[in-house]
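Both complexes shown next keep chain A, but they swap its partner, so chain B is in the first and chain C is in the second.
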Partner chain A sequence: MLEYAIAIVTFTAIYAVVALGLNLQWGETGLVNLGQVGFMAIGAYTSALLALAGWPFWFAIPAAAAAAGASSVLLVAVTPRLREDYLAIVTLGFSEAIRLVLLNEAWIGGGARGLVDLPQPLRGVVPDGAYTAAYAALTVAALAVTGWVFSRITRAPIGRLLRAVREDEVVPQAVGKSVLRLKAQAFVLGAAAAGLGGSLYVHYLRYIAPEMFTAQVSVFVLVAVLAAGGGSHARTVLGAVVVAVILEGTRFLKDYLPGIDGVQLAALRLMVIGAALVALCLWRPEAMARREAP
Partner chain B sequence: MSPSGLLSTRGLTRRFGGIRAVDGLDLDVEAGSITGLIGPNGAGKSTAFHLVAGLLRPDAGEIWFDGRRIDGLPAHERARRGLVRSFQVPRELAALSVLDNLLVAAPARRGERLLPAIVSLGRVLAEEAPHRRRAEAILELTGLASHADAPAGRLSGGQKKLLELARTLMAGPRLALLDEPGAGVNPALMARIVETIRARNQEGTTFLVIEHDMDLVMSLCHRVIVMAEGRVIAAGTPDEVQRDPLVLDAYLGGPA
Partner chain C sequence: MDLLAQYALYGLVSASILALPASALTLVYGLLHYPNFAIAELVMVGAYVAVALQVVGVPLPLAVGGAGLLVGALATGLDQGLFRRVRRYGPLPPLLMSIGVMFILQNAVRFVAGNRMRAFDLPVLRPLEVLGLRIGPYQLVMVGVSVVLLVVGHLLLARTRIGKAIRATADNPEVALASGIDAERVARIVWFATGILAGVAGGLLALETVVSPLMGWNLLLPVFAVAVLGGLGSLSGALVGALIVGLAQEWSTLLLPATYKNLVAFVILAAILLWRPSGLLGRARPSGR
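Entry: the complex of A and B
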């Protein structure tokens, strides 16, 4: 049972890191991103491949965040004028493209079979019996650092400018602020958080494959951010807790629900998440589209 | 050679389909003046503003500001050089407080960059103090001080017009381009707007004002430029312009 709780803490912290990234992009800056999982994949493969090649984790994990952030620069560069629904389509397509490339270009990460026996940070440093707890602590530390950095940004004048871009990007532009720079910064930081989360995710499971990075994961993260209503870091973490508990915390239910096997339970979880998304759209439409039409 | 005005355009042209909204516009705004830009509907005044501020690209022509060509610069770079515009339909940042709406326009400072914000947030916030004081002074001047902490979306229509003016001033413009600052504003707020523009002009800010209210133009402006069909048809003191037969023709729909 303790192991189970530790696992939930680990998953929750990872989801929360990725959700904080989306919250910076969407909640603060108004940049719709339905492809957060694409940046998770880039980060995950980056650190997995580096770790397998023998690089130390103090390098591989930051490199995962950096690679995800850098890849988002490309996305910003080709979509400077896109907003809202169009940006949603592009980001969704981007993440699917990443997954399909990883699936079909087997020389990168083994294609559909993926890569197994990934090295783990802190392995050998902490005793094996305490390893999962140590890993949970590592993910919580990553969450704390991400939350600390992002909350400082949103409290500073730059945070006000990001919110100004969200409200009406013509205004910051008209008073001398580079909207492209602000959007790029929000996008890069949010993508870097996703890369960090993706990296922590696969080293925890010791396994990586393209199937882990389907669009469905972006939806989970989206629900976490929407549940929080956008904007607040603390509430976003709370939203991630709710989503992670629904996703991971319901595994034991199959022991208590007669006539439901693991596969059915997995489908049931998705239905719950889907229902939550619909409920959020009905009851909190302002969280989905908080700006008034121009 | 650069033209002599603080702002000058030469041969500025912009077409929309077959229509020349702005057609070889030669505009000159003297430093230190309050210049009115008037003309019948469809004369191209707002398009001219968009071109000068960089929200639209000209098809032809030059724009000079303070002795340098700026037509190649993006809009935010022009604003950074002191050419700041307000919008005819107010564009308030609805969810942000009125004070924050102004602070968005404060000049570039370290706190707008990521690294200083992360590593030295305390210092960055301390550096906000003078900007905050200036924003509060401008809110006082425009009569919005009592709404400083309210979300800008809750202001009345007239107050939003004042907020447009306040934000433009907050950006510290050398030349403020005001697009109908008084349209749809009640007389009390109108007086406030006029007073604010005059006060700022005394302190050295140049104004170019699009306005339809002729009484306002005649009482406020030192010079008036009249546009019709995309070009300047008259320019001079308010008195001179009022007597110009070309202007009367343009307004009363005489032969083009």
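Entry: the complex of A and C
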């Protein structure tokens, strides 16, 4: 039971890191991103491959965040003026493209079979009996650092500029700021958080495969951010807690629901997430629409 | 050369299937100005309904037609119950809602039918040889039914009163409203048509492939590539887009693994958005509304 609680804390912290990234892009800056899982995948494969090649974790994990952030520059560069509905399909398609490449190019990360026996940070440093707790502490620490950095950013002058981009792009332009540059900064930071989360995810599970990075995960993160209403870091973490509890905290339900098998329980869980998304749209449609009339 | 022609024929078959949901996507976009991400899942539901009906003994044409009507009703219900309520908040709320609906539909089917693959209970027929090219009899049916449906749809839109009302509302909702067109009725009819197109597409697709809960998801990128390529909102654009994407996807399998088909669709989508965001045949986008 304690192990179960520790696992839920770990998953929650990881989801929360990725959700904070999306919140910076979407909640603060108004940039639609339905492909957060693509940046998780880039970060995860980066640190997994580096760690397998013998690089230390103090290098591999930051490199994961950096690789994910750098790859998002590409996306921003090609989609500077896209409207939000087009940006939604492009980001979703981008993450699916990443997954397809990882699936087909076995030389990168073993293709569909993936890579197993990934090295783990702190392994050997802490006693094996306390390892899962130590890893949970590591993910919570990563969440704390991400939250601290992001709240510093949003409270700084640049945070006001990002919100100005969300409200009305003409305003930052009028005071001589490059909207494209601001968007790129928010996008890169948010993608870097996803890369960090992806990296923490696979080193926890000790294996990596393309199937872990389907578009579903982007929707989980999206629901966490929307549930928080966008904008507040603390509430975004709370949103991630709710989503993680729906996803990971319902595994034991199988014992209490006779006549429902594993596939059905998994399907039911995803239906709950879908219903939550629909309900959020019904409940607060104006919160997710841009402030200016479309 | 023969291989190119053979794969061009396969491309035509793919195009005939892609054209239906892409037309559905573009119809709703043209009228209501948001993309419906659940469109591919409606195709999947149509495939399951058609297979379920046929397996219990309903003749194939009725099973496919029944799938069209049932998904039509489902689509209208989704619009009336959900999408209509958030329509006036711009594209994002209905768009996100359609993603939630996508999750619900895909997993409701998985809950009921499991992950097992299913297929029509039909005899295997030998492919026909025409001018040295091979085509399966079922593939001929797919292309034929799709073309008939698209032609009928085009005539309805071009020649009938309700078609005129749909075009008028898509062009300018205020003027249409002022001339006494019931915009809600137009929306209901368009959503029903959307469901018929998607449901029949599902039934047709099941003639060629096995049916699984993921088949909708696998269709999503190509369908969007087609609709965006044709210019969201343009029906004739969707046809041209379907031909281009269908051909590109099938020809790509001569060089790349078949699992890269959807990557090809995404590359087309991204390229067109970079080069001409309003699509090949699209008019300037309906901005300022």
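Simple rule for what comes next: the second predicted complex is superposed on the first by the 291 of 294 C-alpha atoms of A that agree within 3 Å, B and C clash if a C-alpha of one lies under 4 Å from a C-alpha of the other, contacts with A are read in each partner's own complex, and residues count from 1 in each chain.
Note that in this section a residue touches a chain if its C-beta (ideal position, glycine included) is under 8 Å from a C-beta of that chain, and two chains touch if they have at least 3 such contacts.
Here the structure is a predicted model, which means the values were calculated and not measured.
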item: Joint occupancy of chain A by chain B and chain C, clash or fit; value: fit
item: Touched partner set for A:Pro56, first chain B, second chain C, both or neither; value: neither
item: Vertex chain A, arms to chain B and chain C (CA centres, degrees, nearest 10); value: 80
item: Partner chain(s) touched by A:Gly176 [first = chain B, second = chain C, both, neither]; value: first
item: Partner chain in contact with A:Phe94 - chain B first, chain C second, else both or neither; value: second
item: Per-residue touch tally on chain A - higher for chain B or for chain C; value: C
item: Chain B versus chain C as contact partner of A:Ile158, first or second or both or neither; value: first
item: Partner chain(s) touched by A:Gln185 [first = chain B, second = chain C, both, neither]; value: first
item: Smallest separation of CA atoms, chain C relative to chain B, angstrom; value: 13
item: Footprint overlap on chain A, where chain B in one structure and chain C in the other make contact; value: 290
item: Touching residues (chain side chain B, partner chain A) in the complex; value: 53, 55, 74-77, 79-80, 84-85, 87, 91-96, 100, 103-109, 111-114, 116-118, 121, 124-125, 128, 167-168, 170-171
item: List of chain A residues in touch with chain C within their complex; value: 32, 34, 78-79, 81-86, 88-90, 93-94, 96-97, 100-101, 103-104, 215-216, 219, 222, 226, 263-264, 266-268, 270-271, 273-278, 280-282, 285-286, 288-290, 293-294
item: In the complex with chain B, residue positions of chain A that touch it; value: 149, 152-153, 155-161, 163-164, 166-168, 170-179, 185, 189, 290-292
item: Of all residues in chain C, those that touch chain A in their complex; value: 34-35, 82, 85-86, 89-97, 99-104, 106-108, 110-111, 114-115, 217, 221, 224, 228, 257, 259-260, 262-263, 266-267, 269-270, 273-274, 277, 285, 289
